[in-house]
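Each chain gets a letter, A, B, C and D, in the order it is written, and its residues are counted from 1.
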Amino acid sequence: MNSVNDRSRDIGPFVPGPDDDMLICRCEEITKGEIRKAVHDGMWTLTEIRRYLRTGMGLCQGQTCSRLVKGIVARELGVSPAELEPATSRVPMRPIEMKIFANEAPDEREDG
Amino acid sequence: MKRYDLIIVGAGPSGLSAGIEAAKRGLKVVIFDENEKPGGQLFKQIHKFFGSKEHRAKVRGFVIGQQLLDEADEAGVEVVLNATVIGLYQDKEVVVKRGGEIEHFKGNAIIIATGAAENMVTFPGWTLPGVIGAGAAQTMMNLHGVLPGKKVLMLGSGNVGLVVSFQLEQCGCEVVALVDAAPRVGGYGVHAAKVARTGVPFYLSHTIVKAEGEECVTGVTIAEVDSKFQFIPGTEKHFDVDTICLAVGLSPMSQLLKMAGCKMEDNPKRGGQVPICDEYGRTSLPGVFVAGDVSGIEEASSAMIEGRMAGIAAAEYLGYIEKKDLDTELAALDLALDGLRQGMFAPKNRGKAIEQTEEGIAISENLLLHGYVADEEIERFPGVTRRSGVHPVIECTQNIPCNPCQDACRKGCISIGANITSLPIAVEGADCINCGMCVASCSGQAIFLVDEDCGDGTATVTLPYEFLPLPVEGTKGKGLGRDGKVICDAEVVSVKSLKAFDKTSLLTMRVPKEYAMKARFFKAV
Amino acid sequence: MSERIKEHPVLGVQEKGELVKFTFDGKEIEGYEGEPIAAALKAAGVMVHRYTQKEHKPRGIFCAIGRCTDCVMVVNGEPNVRTCITPLAAGMDVRTQYGVSDQPFDEQ
Amino acid sequence: MKTKAEVVIIGGGIIGCATAYYLAKMGIEVIVLEGSDHIGNGGSSRNGGGVRQSGRDVRELPLVMYGIRNLWPTLSEELEVDCEYHQDGNLRLGKTEKHREILTRLADSARNVGLDVRMIDGDEVRAINPYLSDEVICASWCPTDGHANPLTTTLGYYKMARRLGVTFITGEPVTELRVIKGKIRQVITPNHVYEGENVLVAAGLDSREILTTVGIDIPMTNSLLECLVTEAQPHMFDQMLGTAEADFYGHQTKHGSFVFGGSSGLERYNKDNGTPVNSSKTAPCICRGIMKYFPDLANAKIVRTWAGWMDASSDGVPSLGTVDEIPGLYVACAFNGHGFGIAPAIGEQLAKLIVTGKTDVDLGELHYDRYKAKI
């Protein structure tokens, strides 16, 4: 957390890859190439990638692709995936209908 | 707000175990689980578990699930199903979606036991219908009674890939190939061997080039990879399949902990993003504990012990037991957990290529490369001996924590000793009575009862059989070798399905005597 | 295509709810009450649950436990219903989902 | 690593990124220091995406009108990213007579400075947006308002500024400013000392503590606001929505999801755990609010909620421009939860101010030194 990260560090040029059209985020249909390009556009954290491309912002909230995205970004930056902080987990853990989220059970003050 | 001493999220093996221990010590406990059925993955695990008695060895996973549920019920644990925890907020507040409303609860302590999620790999066509997770296959066949597919290719040779391949065959699917990019089988050799001898070919150092099909999977192409995991041109192999099953590991499902502000780390040895915690599941947030796969991927047997530890630690945290009692109880569980964390597959050995058993015997190369022990390798293991009359042949060749066979034989024919990872030894001079208990109790289905010479030029081989239809006495067919290839004619001479065998039927086949130490599976023709 | 497991060597004959009728894209098919919609569809040989918004690619069951959300369909008029964890009820109207609609893309 | 530049900007939010971009376009050397690990990690990534003029204090209206006229229409092309800018109007909704009074007053004052905004009744509201419930009795309607995607816009400014050579360093929380020989000069972090001829403090709420180190105080307090987003829905409408008392606001995005913000009334008293976290009470409350306005959305599923600290000033408008007492020091903070829509204009005007000492839009009313006691 909060380690100095100079975004001008040279990570080399973007080199197109043969599998750039591989779909990574199944929900938002984001490809490997889009993720790799975003890294070269300066999106160096998983949070920035998510905000820039919407990876992991679909219905499943990144439960399927987050590990894959992490691997791609780490490789592009030349760091170990363990060094990349995953994007924050947000409430709700599963999609929840507005009418249910809004419907709070009455507080039971008397126990039992 | 409604408050419990302890709120547990997840009613799998660790959550239930934690709840039982905590409730026994007087805590008011509730367990929330989003599923319709409790038990987590246990209810999809239809194989017999490894370990020793204290780890509930040789009991099938779904039976253990039921046992835990009964114990939880008896201890007064409130298990609430179809209850999705949507968030873990500050001040140990848990918000649960149940039916058409949400409810807020506070816990004096919280145990997160949410388990793991499956990892995925990408290849062209990986989004096609028909490409599924191994967990999905298990859910469909073992919970819902629906075939995941007819012809299946399995990617992944870890225990999940091996166990699910066997399960697919058990419900009548054809597994056309078991593929792994790694150069060696990742899971237990015994799991691999029971799949290989049914005729499933293993392709190590291979991976999927592409899934084929427009609307859904109609085929798959695999190819060999080099040491840098690059495809070797010209090694492509095609299979017509309707299903591709992915079993490429698990990641802890730790999002709730991150959300709550727990200190996290990325720990590849534990399988990914995990909370930083001590060995009893205490996290950086006072009163928030973890247990099971969410804090590091292991087997369900370990998860149950971790759950018990966290439950007891929570009891101490809330003052229900004294510190000195905590220390005594945890010390005993430490030993039990340590027993499971030994052997070739122990967490500490992950990623190491082990060449020899603890006994100094060279590991079978064939087992690691093809999923079965070759005929010329098998006799170097201490469970495999030749002698007259019916005797057990124990084809257990790796150090895994498991010893039910030793207890199963009342005649003392099988010896493992105090160290449960030791290879079983066929005891010289002991008197086998052909009861079959060893065959049925071996979780790895690695024990055979062999009479090498019946005096008429034939031999009999008794093997564990968990398939339908069950052949009847007199059925003629073929004997298959450990590699799953037809090697001889065979005839069923008896089929025993006793209650004590717990759904493992014992099929005895007659084969020409030269195949006594080679034929290990029966196929009707 | 796929079918049901009549008897399992370890699990035996599985208990199921009542056999009920429901519709898939207007066509009447049968399934067991209370089982996931996806299980009933799978047993009936249905593979494609939806087509994606951007690329219009087919998707079906992937995780089967309500996580990946690939199996969502339009159920009783409501889009994005996770069919792998939604219990089947008699008379349900289950439709292939195109993007977030039950109308094929060329009719949207 | 570069530690000296003509301008050092403290804060990698949309204000910092936009200013850096416009400065770099003028050939100025810039370093941007961001305290957190991520660019745009404060209000820039946590707001509801409004690009609106109506409902604003007249002191900041000229700036936002300038931006909507001159910058927003071409921003996606300029930043080579889809900012998802929609200029389809803003309905600021009222359900009570009291709301009508508030809205009428705001509309009247905005018209006085030349904004096209008018009051409409419930039926006219529903003619524009048929999904709104009968509880809505009036609204102010400003056809030139709209909304955009704050995430892609913020990161788009960052991307282009970086491409023009701006140095961005994240994980560099500024602890101290230092005046040397009567001019601002040094910017100190736990790791480095940076030097600039000009320093812009655009660090949201943290600006107060940073400015304190050179004896400047901007009276601000914080308030924890929350937003939520639904799964994608079939396209319904393109207007930006708000309410008289700002207890609910939102729009449907290009993606199809709805982004809504709102309040529980407890914002000023919410606590965090080091990072802004949701309160268990707020999202359900926002949902109840939304359903009163949009009964049709009752079945839409919420997929994500988030919280963000708002930097609130006592008079509801930002502090912007030069700090006369300290040559070379500039400030841009206290956006009171509506800094996104105005950010491009601020970035562009601040860049001009720093380079030429002049602006196209008068910033006088937003001077940092305007706070006076009431008697």
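Some observations on this one:
Methods note: contacts are C-beta pairs under 8 Å (C-beta built on N, C-alpha and C of every residue); 3 or more make two chains touch, one makes a residue touch a chain.
Predicted, not measured: the structure shown is a model, and the values here were computed from it.
When every chain is represented by the mean of its C-alpha atoms, the one lying closest to the mean of all protein C-alpha atoms is A. Simply put, of A-C and A-B, more C-beta pairs touch at A-B. Averaged C-alpha coordinates put the centre of subunit B at 29 Å from the centre of subunit C. Subunit A and subunit B have centres, each the mean of its CA atoms, that are 31 Å apart.
Between subunit C and subunit D, the centres computed from C-alpha atoms are 44 Å apart. Residues of subunit A in contact with two or more other chains: 23, 26, 58-59, 63-64, 88, 90-92, 94-96, 99, 101, 103-104. Counting partners per residue, subunit C has 53, 57, 59, 62-63, 66-67, 70, 80 as the residues that reach two or more other chains. Shown for subunit B are the residues in touch with two or more other chains, namely 34, 87, 89, 95, 102, 104, 117, 127, 259.
If each chain is drawn as a node and touching chains are joined, the picture has every node linked to every other.
The residues of subunit B lying in touch with subunit D in their complex are 87, 89-90, 93, 95, 102, 104, 259-261. Those residues of subunit C that touch subunit B in the shared complex are 1-5, 7-11, 14, 16, 35-36, 39, 42-43, 47-49, 57-67, 70, 84-85, 87.
On the subunit D side of its complex with subunit A, the touching residues are 1-2, 35-41, 45, 81, 151-152, 154-155, 158-159, 162-163, 167-173, 191-192, 230-231, 255, 275, 278, 283-284, 287-288, 290-291, 297-306.
Interface of subunit B with subunit C (complex): residues 34-36, 46, 60, 62, 117-118, 127-133, 135-137, 139-142, 144-150, 170-172, 214-216, 242, 466-468, 470, 503.
Across the interface of their complex, subunit A is touched by residues 52-55, 57, 59, 62-63, 66-70, 72, 80, 82 of subunit C.
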